[in-house]
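These notes concern the structure reproduced below.
Labels for the chains are A, B and C, by order of writing; each one numbers its residues from 1.
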Amino acid sequence: MTTVFRSLALAVVLATMGIGTVRAGSEAPAGYYADQKVVYHNGGSGPDEAAYFKRLLANLRNHVEAVGKAHVEIRVVSLGDGVGLFQSAANDKELAGRIDALKGMGVRFLVCANTLRERKIDRTTLYGVGEDDLVPSGVAELARLQAMGFAYIHP
Amino acid sequence: MTTVFRSLALAVVLATMGIGTVRAGSEAPAGYYADQKVVYHNGGSGPDEAAYFKRLLANLRNHVEAVGKAHVEIRVVSLGDGVGLFQSAANDKELAGRIDALKGMGVRFLVCANTLRERKIDRTTLYGVGEDDLVPSGVAELARLQAMGFAYIHP
Amino acid sequence: MTTVFRSLALAVVLATMGIGTVRAGSEAPAGYYADQKVVYHNGGSGPDEAAYFKRLLANLRNHVEAVGKAHVEIRVVSLGDGVGLFQSAANDKELAGRIDALKGMGVRFLVCANTLRERKIDRTTLYGVGEDDLVPSGVAELARLQAMGFAYIHP
């Protein structure tokens, strides 16, 4: 398909021979992706937050499917307006279902405790956010995870 | 508070015993954050730039307070519309005060010389931007700092 | 010009003596920039996509000129609405010309195959996008390149 792919000829040949496996749900040949650790920055994005959250969740699903659930560790850090994702999901079953599906695929959703305190948001009003999902500061967590080898993506 | 925190039980116990110190202004237990180096990308964000700049400065303050002034090195690279932050501050004492407070907390504000030249902006019309605060190219500086181990955050 | 520059006095002196070279088109003294690898995230940015694409391309040109063509490897990953860049360029000779100029400067433009499939976009309707320019997943590529040492910039 691409030059990069062709350069992976050996991996493909090995896969064809049954050595190595092509991951289900992935378009990439075996070996194209090394295991990944990724942190997503969800700060919201007005004026159309609903469209932004939909796109964010679609990105996450595509990411896991491309690399394979067993080969990617994703953490989503929500802060500021990004916390609206879990407020919306409390009244939107489809959105809630998508979040749950992503959790089932191994995606971890973290929420900034600073934001909740400053905006006086009660954690229990947020869909699916437990005590264990809080981090002291969203921005500090983004830096912390990058220092631990996580790539950064801000959709 | 979270699983991560509980797993830091030892650190907490040590802190309680007076061994190690809990940082003032931080919600995280001692040891949760390693020392951080972070570059913030300020490219502005229309149509409501004023709200964006306010949020950016709030993020910065929260970041320093969470990790502790002595434990985080932050550089803010302003380019393109982001330079408007310092134009606004020239006519807005509250905004200027927030920038000064962040400088007092160790945050360094860098400005893209390319942007100033292309937009014919006189540096001296910008609030608090000296010769020493200019970098040749904002985007190249973002890449340069990341290669030097800085995490990247684009609010 | 800045403190950083002054601290590079030795490099400047050497350059003045004809030892080392000041790169053409660059404002920075020789030695300020180490060789760079950078991935740009182009996800589009409504409502004014045209302005966003113009700014993105200007950033890219400035980046290459600041560091020097031989010293920076840039890949632009376009996904989601970002693919609109190549749809617009199909009907906009000036935009197409800018993309071509950047390719001539060594910038590589990659396009998310996932996006094309989901939006039923025919690759051949995109300006200057060949089979070799497709990557299986844009987001996974952003993570993959960062793990390979590329800095990340999302304008």
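The definition used in the following text is that a contact is a pair of C-beta atoms (placed from the backbone, for glycine too) under 8 Å apart; a residue touches a chain by one contact, two chains touch by 3 or more.
Since the model is a prediction, treat every value here as computed from it, not as a measurement.
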Cα-superposition angle relating the copies chain C and chain B, to nearest 5°: 120
Proportion of interface numbers common to chain A and chain B (over half same, under half different): different
Mean-CA-position distance for chain B and chain A (Å): 24
Set of chain C residues in contact with two or more other chains: 152, 154
Footprint of chain B on chain A - complex, ascending: 41, 43, 79-80, 113-114, 131-137, 139-140, 142-144, 146-147, 152, 154
Chain C-touching residues of chain A, taken from the complex the two chains share: 1-4, 26-28, 32-34, 36, 38, 55, 59, 62-63, 65-67, 72, 149, 151-155
